[in-house]
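Note that chain A is present in both complexes that follow, paired respectively with chain B and with chain C.
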Partner chain A sequence: MRSETLPQDWTSHAWQRAIGNVRYTDDDIPQGMTYVVLVRSTIAHGEITSIDRDQARAVPGVLGVFTFDDLMTVTREGYHGTGYRDQPMIADGIVRHYGEPVVAVVATEQRIAQEAAQLVNIEYRPLPVVIADHAALTNPHALHQDIEPSADFIDLKGITPLAENPNVYVRSILRTGDFDEVAKDAPHVFEHHFSTASASASPLETVSSYAMPNRDGSIEILSQTQMPSYVRVQLARMFGMSESRIRVRHVALGGGFGFKIYARTEPIVVACALLIGRPVGIKFSMEEQFYLPHRRGTTSTIASAVDDEGNILARRCFIIWNGGAYADVGPRMVKKGGNVAAGPYNIPVVDIESVGVYSNRIPGGAIRGFGIPQIVWAYETHGDMIASSLGIDPVTFRRRNLMKRNAIHHTGTPLGPCDPSLVFERMIKELESRPLVEPDSPELKAGRGVAIALKAAMGPTTSTVKLTLNPDGSATVHCGTVEMGQGSDITMAQIVADELNLSLDEVKVVSGDTDSVPWDAMTAGSRSTNHMEKAISRAADDLRTQIRSLSDSMDTEDRIADDVDPFKVKGGAIEYLRAKFGPMGATLTGVGAFIPDYIPPDSDGRSERITEFWMCAATAVDVIVDPLTGVVRIDQLMTISDVGKAIHPELVRTQLSGASIMMASISMSEEIKYDDDGQLLNPGLALYRIFGFEDSPRAVYADMVLDKRDQVPRGVGESGTFGVAPAIASAIHDAVGVWMTDLPIKPENVLRAIEEAADERAQ
Partner chain B sequence: MSEPSSSQELVRFVLNGQPVEVFVTIDEPLSQTLRRLGETTVRESCAVGLCGCCTALVDGTSVSTCLYWAVMADGTQVDTLDGLASDERVTGLQTSIAEHGAAQCGYCTPGMVMTALELFDDGGPRSSEEIGAHMNGNLCRCACYPEMTCAIKDALTQAHERSGR
Partner chain C sequence: MPVIEVGSVQEAVEALHADQDGRRLIGGGTGLMLMARSGFFVPETLVSLRRVDDTELLDIRLLGDVLRIGALCSLRDVELDPVVRRHLPSLPGVLHRVSSVRTRNVATVAGCIAHGDPKMDLPACLMALGAELVVASTAGRRTIPLDEFFVGYYETVLDSTEVIVAVDVPIHRPGRFTAYRKFTGTLVEDWPLVSLCLNLDELDGTIDRAAVTVGALGSTIKRLPQTEAWLRGQARAGIDTAAHLDELREVADSEIEAKDDHLASGQYKRKVFHVELVRAIRSWASAQAPGAER
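Let's look at the complex of A and B:
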């Protein structure tokens, strides 16, 4: 550990990491830690008929071998979930997916717990297994009975499973007219089907959490979490404790990507720690991490009525989200994905149905993009297929239909300053100076594809900050945003520095401890910079008011005029502190909270205020395809994102670039595989391959569209992911003339499509 | 250090210039031993030698310590990032990483530095393709690959220029 001179600018983020100066969760494991290892289900669906734990209990060093009923002796409510309380801490009499935790073995050392876990013998009565998307939708057997909505979030109030099909835990409708009415008179109607595979976020820092019970009955949790405030709320509910008795701590995360959200391992370690009265931790291996929620697989059917010029007259979408055994974030994803399923296009009539279904897959969660990439995959590829059929080039087709600034989105919510047309034109301009590569060999074919997408920001969630003006005029901000690589610490510091007219080294950001840091709903959904900037601004205003009132008691000439910012006066705010409290000054604390306005949608799914802001990004991809093998190499990958305002433009660019490459990996290489019995076939990085240096595109370009009129940051963590997959498919079509409709795009599928096209031509 | 059991062996090696003695089980990977010794820049992730997060130098050669038995380290010289803090090649590369923003979550970064070090041995500049081929055993889920490639390339060029003077 070294303490080099810290560069006081955006480069300090990477600098601290390059010198190994960032400590991660597992670097400071509290003393006396014991470990829990989970015994997992070996079948995908079944009733637990017996659990034999005698042998495991007899292993020296084993402190407990616990079932759900054992955990319930210290737990008030054993189920959790953000949309529905449908998921037990560990299996409660029934297992619904392969790898579901059934028994928790606690021992003094992790390896002892691992050895003992092998000795637990569990018998099951198998039940029917449902894995595929359509099979899940038509499954006659309800996977859950009488599930309760959790109502944690305003936008998920009142959700309910379909009465006629309880496996559909949420159905979201957005309807602005009658598709069939338009289609019957339309010159052209196209319909296509698309699918996406499940994928794992696989952060390289594998999940861990640690629970430390205190003698006074309070408990401390050290966890890799993107949602420390929410974890505390859930633990308080589940264990019947006051939030003031629960302290959730975290440090920087070695990757999050939407994977380390909600309460997943924390309830298990807390229950075990309460049972044995000692600190208990859990640390997943990379392989084990594959049993945590995945990106949802989808099946989409999308139909459009268009005129001869390529204007889209009406669009109908039906999306099945395969949610796996527990709903997790599904209800929100199904709604948010459905809302934007027609794309950023002016379409007079849209008719969208988006359904989340239970299956015996591992639960669906979120990865970077929160379902939007699956949606964009369908509508952008569909659009390219229509354009191709009509003989219109993909750029012109989009230009005819794209929404502009202030357009009213299908949901009824205005786009405001977000301008898809502007973003798209900016990308087309950038492409002019980057011609398509000439392949080295005449057998190889090059092609270019483009895509554009829109996402509504996270539903209404609250951020609060505590902004302290120190006696010397420097500032400390208590802010719950979790640093996980996006550079939030340096970003929040810059926001405070700008607000209070300070230099970066005069600002300290404190996060990672719910005992001192105020509520923040989550670091996810590209919401944090936008919401936190507003909360910090309000906290700074609170400080301004306090300083003004200090100056009110001063002589008239020293008072701060109403139009003067106390942080911009000569000598700074500190002069007023000293005038009032003496030469060593005093501490002033301002608070600020922000939650977006929100109007729940009507029965057609429409609302004038469904989101705080919109995010738009365009993607361009150049590929080189080898038609003899089906191997596709991405030569160039470009992302242009509408970001409003960039706090640190360099960090924004790396976020966009990294997101786009990650999604290229998911689009071309990553696929969670199950056998017919629902057994996960490829956990771990040996069997599930993610992109490395040599897979990465030859040239990656990421840039942003700034908005000088509306100086508000709009979120960048996800937008680089949106259009990558359809841009790849479009480029492949440009190169070799075949359409790919299923993700991931594997060489064997490309080759098969090329061969089928050749066969058709031969006939 | 806990009391040795019958299945443990005493291993002696030089860690970052300091001699150490440690009891290890016969099947303990060096990555776990190094972490027990407080080497937090050695990070276990994939556990199958594919991600490079646990890379350290054993007698000057970069190895995935998750696949390297601790008993094999007996009598060797082991270096982690912390032990190379004053190495000019390392500080040059770290500065370059900072300037290129080539670390996001940073979990893989020390392993990247350790693997990249071997590129400095020949002393010459390298192409992006050569760097990619050498670094392909180090994964980055944040996908800082373009930035890291540029960072290594610049650091190599600068090291070459320094040595030429």
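Let's look at the complex of A and C:
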């Protein structure tokens, strides 16, 4: 029923996207739109002492120049945030990061608002600036006082900052024993330190949102969002409106990557729209987009007690997540990242402490991989360094320790069908048929590295879906998953087609409007396909139940037998609809909802059901290193993932390879740079350098492990990111014998390591 | 921002002369646009050369042993031109690595020189080739050797009332070897962290004339006279012995400045410069002897 190649529809849609022939949000802006431009702070931390707006207000075309207090005249709750309500819509008397919005200038045209914004004068009383991870942890001044938890999400219930250090907005512990006890008798103990940089997601379609107030007091929002349902809930809360009076619409996104989540720009446009009684929109340039929450940097220490054969006896991890000025989704990342910090390895004793800290950086958000790449960077490189010190081959070292399917994870939750060993072996086998490249010049050195990693699903969140059987037996599914180039529309259509025994062109997917599409928590690689598949299945069951009850009310020979699925026979279901409702039949709508089972962790971080499913992936990288300049080029980049059931194998492969290339760019080239005063040094793609087509590896390969026993789709969008960085580091070591411990991997650092190693040998 | 569109060089110099402080020439605008977007420099009034149709500014002509490249030729025009390919064979390769095709379609030769950015590839190469600028103003014309053109970071000797009309570049001759090295670090397409151009004239197996330029490192693109003096008289055979290269390194090192910035430390840039210089010299030493090529 399903072919290995993608359906014509998707291929032509993908092509249209590649040539920019898709209608995006800004292509259909509602009439009468006015624009808000934000005046942003020019210091990283300070009290606002004065705001001079007179000149700005006098510019013709300006409709308003608003501070937080002005916005609050139409707002009930001015603060928002995923874990804590610590972030005001725009600054409330104090700025905590460079570029924080302070004043909102609304004008008839964006250009006018921009000119007027230049005329707003803001004075600050500077406060101490803290940027670095460790400095943030030991900062004696609390960046926030008395913050209120959001309590929106089950997994973030009960979070609280550390009493003794309120800059630690969450501390997560996972402990299965006493590391020191084991370490003191162990033959070997290794400890290493790692760091990662803040990095962006840079979707090419830059963020925008538009708010249109209606005369009856209701409001419509058109926004680039991966979470329309959540945005509606937040806006209802913030503006004291009924959710039924708020309509959030979206169209397909030009890249999301976790960048377009939670309610970040929508509250501002709504508040401005309510203030002036006209539609207000906001559109960011690529440079300005850099002030939105992005991938956060980390500092970590990881230690392992190991025996002579390389069996890991105990592991201790300490991770600092530099959350920036506002917690945003940091609390979830701190917990989830901490949970998997020991890696997919059978280790009897793990002792993990994961802390999120406030600092004066731009807040961290939820970017593809959700903190896992930062975690894997540490444990995989650490593992390779251990293997190397003990003279054990890194493949053998992993084989000795890797978990297999059904293993019990350190959290106490079984892996189920997720099988790191199987994935790893598949990769090793694949590598046998791919020889390491011979560099063109004798000066260059080639090397190969492999990594394996694990991630949990997001949880627990809810997906609901509405599945309508049309009179002719075709189907319409109202599904809140947002198409952002990952192919969700066609994936959901395929799931419905499979459930109802239809062809793809008999299924319509409707999304993009909270007036008709039911609740879905968010579109993310760690939940959407899995949760929607279950919700769709339940909705289909609801239809089956309804059809059965229709059939029950008919003559016995026309009834459906109890063990027959009315959808198994093509056209079977609509027979009953026509029998009941006449020749033209009727529509029948079923609903389904899914929320995973979840057991919150105990005080040691343990739970038998901390996640609905696990995802794992192996990455292998071949590099070519120029030992005289430290320049590293990636020759081959290979990903193999365990995705459970693949709805569209070709789509899965493109997601895996795309994620791996994105992560290669982040690992080698991307870093959001701050100076000591917290000023952002490189916003925009002219200064923040990402891979271009010519930087793509010569060969990219991606595939999945398919297990016939495993009929549940698991996450796909992120797995390609997990192991890229450590595989590169391992390959560099293979090539030139040095270890890189800080991301991004820069030529200067590679060269320094090579020279230091040469100096050491000389001594 | 007001834009004055002129149809000729004459109109352009008159427009500039009329307001000597507030007006700025724009060709393709690629460099100026980046500055304006970052807020670094926003011109008051632009004098756009887009509609200028003087053939002098749009043509590429051979004048004796010099190729006169019109100021408003796009980088892409120059990259693809068969006359350039024939008489300045090193140029197309250099231009191919400048930014992207989209940028090269729009950026002009004069613009990328007048911008005064030490990271520009074309001026670094042209300086080593001995290029001269033909410049017009209401006072008439003058010629400026590219060697003397750059005086500081984004600063040139061009007056605010002057318009570059063309660039005269001495053409390739037998025995000449030109190599441009652009070090971009991790990415294939990027601004150079270090760039250098080696232009050697060989006679009977030794270097008769040498021009070496370095870009991206300091505040301007510049020649390295002491390095050039060291190269003069060096024989192809044996130039890349360890002893020779150590000497060369010392000489060149004294002529370059390399500051720390957020991209890399000055120390690293210095190391890379030496690697690139040696690689450039070696590419000459291992190239076929003149007469045998082309």
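In this text, the second predicted complex is superposed on the first by the 742 of 763 C-alpha atoms of A that agree within 3 Å, B and C clash if a C-alpha of one lies under 4 Å from a C-alpha of the other, contacts with A are read in each partner's own complex, and residues count from 1 in each chain.
The working rule: contacts are C-beta pairs under 8 Å (C-beta built on N, C-alpha and C of every residue); 3 or more make two chains touch, one makes a residue touch a chain.
Quantities reported herein were computed from a predicted structural model and do not represent experimental measurements.
The wider contact with chain A, measured as residues touched, comes from B rather than the other of chain B and chain C.
Of the two partner chains, neither chain B nor chain C is touched by A:Thr42.
Residue contacts after overlaying the shared chain place A:Phe691 against chain B and chain C alike. Of the two partner chains, chain B is the only one that A:Ile19 touches; chain C does not reach it. By the touch criterion stated above, A:Leu628 is placed in contact with chain C alone, chain B being left untouched. By the document's definition of touching, of the two partners only chain C reaches A:Met668; chain B does not. When the shared chain is aligned, chain B comes close enough to touch A:Gly485, but chain C does not.
When the two structures are aligned on the shared chain, A:Leu751 is found in touch with chain C, with no touch to chain B.
In the three-chain superposition model, chain A touches both chain B and chain C at residues 285, 287, 684, 686, 691-692, 694. Chain C contributes residues 34, 37-38, 183, 185-190, 262, 264-265, 268, 271-272, 275 to its touches with chain A in the complex. Residues 285, 287, 628-629, 631-632, 668-669, 673, 675, 681-682, 684, 686, 689, 691-692, 694-695, 746-748, 751-752 of chain A are the ones that touch chain C when the two sit in their complex. On chain B, the positions that touch chain A within their shared complex are 40-41, 43, 45-48, 50-51, 53, 81-82, 85, 93-95, 97-110, 113, 128, 131-133, 135-149. The residues of chain A lying in touch with chain B in their complex are 1-2, 7, 10-20, 22-24, 27, 201-206, 252-257, 285-287, 484-487, 650-651, 653-655, 657-662, 665, 684-686, 690-694, 696-698, 700.
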